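First chain A sits with chain B, and in the next complex the same chain sits with chain C.
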Partner chain A sequence: MRKYYALFRLRFIHSLQYRAAAAAGVVTQFAWGFMEILAFLAFYKANPSNFPMEFSHVVAYIWIQQTFLAVFMVWFYENEIFEAISSGAIAYTLVRPIDLYNRWFAQSVANRVAKALLRSVPILLVAFLVPPPLRLSLPNSGTQLLLFIISFVLGLGVVIAYTMIVYVTTFYTLSPVGVRIIAAMLADFLAGAIIPLPFFPMGVRNAAELLPFAAMQNMPLRIYSGNIAGVEAIKGIGLQIFWLLVLVTLGRLILRRALGKVVVQGG
Partner chain B sequence: MIHVQSLTKTFRVAQRQAGLGQAVKALFSREYTTIQALTEVSFSIEEGEMVGYIGPNGAGKSTTIKIMCGILTPDSGTCTIQGRVPWRERKEHVGTIGVVFGQRSQLWWDVPVIESFNLLRDIYSVEKRSYQRNLEELVELLDLGELLKTPTRSLSLGQRMRCELAASLLHEPRILFLDEPTIGLDAVSKIAVRQFMRRLNRERGTTVILTTHDMQDIEALAERIILIGRGRILLDGSLSELKRRSSALKTMTIEYRGDAPALIPGMSVIDSREGFLVLELDPTKCSASHAITRLSEQVELVDVSISGVSAEEMVAKLYQEYRI
Partner chain C sequence: MEYKTSFFFTILGQFTVSFTSLLGIWFLFSRFREVEGFSFPQVLLCFATVLMAFSVAECFGRAFDTFPQMLSNGAFDRVLVRPKNVISQVLMAKIDFTRFGRLLQAVLVFIYALPRSGVVWTWDKVCTLILMVVCGCIIFFCLFLTYAAISFFTIEGLEFMNVLTDGGREFGRYPYSIYGEDVLKFLTYVVPLALFQYYPLLYLLGREPSLWYMFAPLGGLLFAIPSYCLWRWGLTSYVSTGS
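Showing the complex of A and B:
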């Protein structure tokens, strides 16, 4: 465990160095969140009865999403991993007495958490201070907050387990840009990164809510906002655990197969 | 310690002609050629040996090293290192070896070298006390002192290579694989690296396997060389033995006072001027000491030098001989 912690630590410190990127991220995400909420407000004013989520839930959903963008967005890939595979630098990674899957997993967690940490504080601060219809409020109860935290951690795990499968495909395609973009677009759309799942047409929504993507940001954000609560929340967390196990097992399996016939590029 | 038996490895490489039409065609049907990287490669290396693994570019050196490091899986053949099969027991195996790939870096680019070292300590689960002792020793031997606090990106190539060597030895491996460790280094750095390797081999008894194109590396380090060409082992033996085999002739240069000396059997003149003579000696007919004795009887020798073929010349000759 110590080795993974050491990797986590070094990567974490490293990611914290990028203050300018974080500042830019804060501005973008704040502006984005603000405009998205205003757009939803316009729809809501036009016809509140047709709105599938309570407005305050949407507000909380969007603010928490923007706050933890780096945690949940699939397209926050680790470029270092892609490069290591396609340039052959992976040779050095493979001569270490360490499990490759765990290593990349630890690295991804560190990077996402570090990035999110830098960005979250200012966004949360603003979100809690803006005037009421736009203001972010805390979850209704302590239980709901606790469920959110559990769901949050699981969501992070599912996102990374999913990206791990994308990384491993690089062993087969070498130029992973296509796979990367399709995988990220598909996942982010079906995870509710563009619009929350309740806004999908009924049939699509019911199907989407069972997919692994719904175990990413959809679940923690809706639990935080109060859109999903009680038994439904616990069921949702169960689904997250299920998908986490499936994706991790699948990723490990593909990685093992890939390493069996790996070609380390370059002399 | 290392036993390699009939290793064979092929790669499939996609190929296409240049040009747009060909590129479009390659979208639908790809042509692959199979490259035979290794064919029936066998050798054994004992503990404490220092082996130079040489051959021209593309001969299969790196492929062999990668298989021995557990990175590549061969198509067929066996390889056991300290009783383990590298690619099957990768994690256990790599904990006991050190590797330097001269063309890549194992140090984290943006952080001070010491951070990389500490991370490696944790990855290899090296005990704190032995790490400290070992680190101090390596810092002294490789003269790392100030470098430890410098980020890797600010190091010169020679400085970086010294740090790379230290990085691969922090866990005190029994075997060290060096894939072109002196590539791109200046003379001073090369000598420093070589001296260090020799000490390591002598004092710690580390087994060293080295690939290089620099024949001075081989001359300075390897007692034994294995020559590989087009995926096959062509020669395996001690350097001096190979030299003897490839060319027995020696070159003798003398400066003298007096009349030109008479030659004895086994000598022939390559170049001669007033007071200066370059001779080729065939040691089977006339030993060097015999030649000197006979010459000094006739003239007053001012200066004598005798040289065999250099490793560089020898290897060039071998490559020609085997058409590789």
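Showing the complex of A and C:
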């Protein structure tokens, strides 16, 4: 366990170096969140009765989504891992006494959390200070906040477990960049990255809420905003745990099979 | 073009990215009949115009994305000693045809939206639409040029320009008026994206009969002046970082 922690720390500190880029990123993300909320405001004004979530829920959803973009969005792939697989550097990693899946998992966690942390504080600060109705608010109760934190951690796990599956399938296909984009966009769309799941047409929404993607950002964001609370939240967290276990198991299985027949590219 | 499969999948990937945007709009409109008086096909007109203008500009303009690197590793010096126009050299190095994924999508959306938008397609309306796309393309290209120009002065913190390029495209999926008065003013007087997307749209839909609205995109072309000036300024004050 100690070696994973060491790896995590190294990666984390490395990612924290990119401060200037993070500062610019904050402005970008803030502007993005701001515009998305304004768009939803326009739709709300068009037909308030048909709006499936409380407007304050949507506001909180979008701000927290922007704040923790690096955590929730599948498309923040670890390019290093893709390179390692396609360049053959993987051979070096394999001789080390560390489980590959765990190593990559720890690396991904560190990278995403570091990136998110760098940007989160400024975005949150501003989001708490803008005039209502665009203002972010805290969850209704301590329990809600606690449930959010649990759901957040699980969501991060599910996102990474999914990316792990994308990485390991590269062993078999050396998949082109396009395929990774499609895999990420599909996941992010069904996770509620483009529009929150309650805005989907009924039938599609019901199906989507059961998929693993809903366990990525849909659940934590809706728990924070209060859209899902109490028993519903606990059931949602249960579903997240289920998908986390399934995706991790699947990822490990494919990796083990792939390593059994790895073909190293290049010398 | 050697990596045919890769090329195909990248185009498909680009297509998927704009497709998810489109899907989002579709879902929202299946629930809300209209927004700010604009119906679904009318919003699609907007979406397709912006997408088409952006994807053509991007084919050439994305080369500027790597401009900061060219500056910092000294590759730009090589460009300077060649007896050819600087801008065309930078662009030709990285023409990117994979952007055709977005262009294809724009075409498909136009095919769907044009007959359903309620626009009576007389000659003046057709001209307006062409003006919108062509001028939009030039304005987006100027934004890419501005990005490169700014990188002469600072490498750090360029990411905010992204709000205007990729942001301009994403937010442009709806008429810029829905974001409120202040945003519309900014996008009219500071970065004239609304001049090619919103005001001529009003003319197309017959809401504003004045010809000023039809020719608004040409006003947007004025943006080329500050963009190009900034580029020249950056170029002349460029002191190589050495190789």
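Going forward, the second predicted complex is superposed on the first by the 265 of 267 C-alpha atoms of A that agree within 3 Å, B and C clash if a C-alpha of one lies under 4 Å from a C-alpha of the other, contacts with A are read in each partner's own complex, and residues count from 1 in each chain.
Just so we're on the same page, a residue touches a chain if its C-beta (ideal position, glycine included) is under 8 Å from a C-beta of that chain, and two chains touch if they have at least 3 such contacts.
This one's a predicted model, so the numbers in the text were calculated from it and none came from an experiment.
When the shared chain is aligned, chain B comes close enough to touch A:Asp99, but chain C does not. In the superposed model, more residues of chain A are touched by C than by the other of chain B and chain C. In the superposition on chain A, A:Leu10 makes contact with chain B only, while chain C stays out of contact range.
In the superposed pair of complexes, A:Gly88 makes contact with chain B only, with no contact to chain C. When the two structures are aligned on the shared chain, A:Gly260 is found in touch with chain B, with no touch to chain C.
Contacts of A:Arg2 after superposition: chain B is touched, whereas chain C is not reached. When the two complexes are overlaid on their common chain A, residue A:Pro52 makes contact with chain C while staying clear of chain B. Residues of chain B touching chain A in their complex: 11, 57, 62, 66, 69-73, 90-92, 94-95, 97, 99, 101, 103-106, 108, 110-111, 115, 118-119, 122-125. Contact residues on chain C toward chain A in their complex (touch as defined above): 3, 5-6, 8-14, 16-17, 19-21, 23-24, 27-28, 30-36, 156-160, 162-163, 167, 171, 174, 178-180, 183.
Chain A makes touch with chain B in their complex at residues 2-3, 5-7, 10, 13-14, 17, 88-89, 91-92, 94-99, 260-264, 266-267.
On the side of chain A, the complex with chain C involves touching residues 20-21, 23-25, 27-28, 31-32, 35, 38-39, 42-43, 45-47, 50, 52, 175-182, 185-186, 188-189, 194-195, 199-201, 204.
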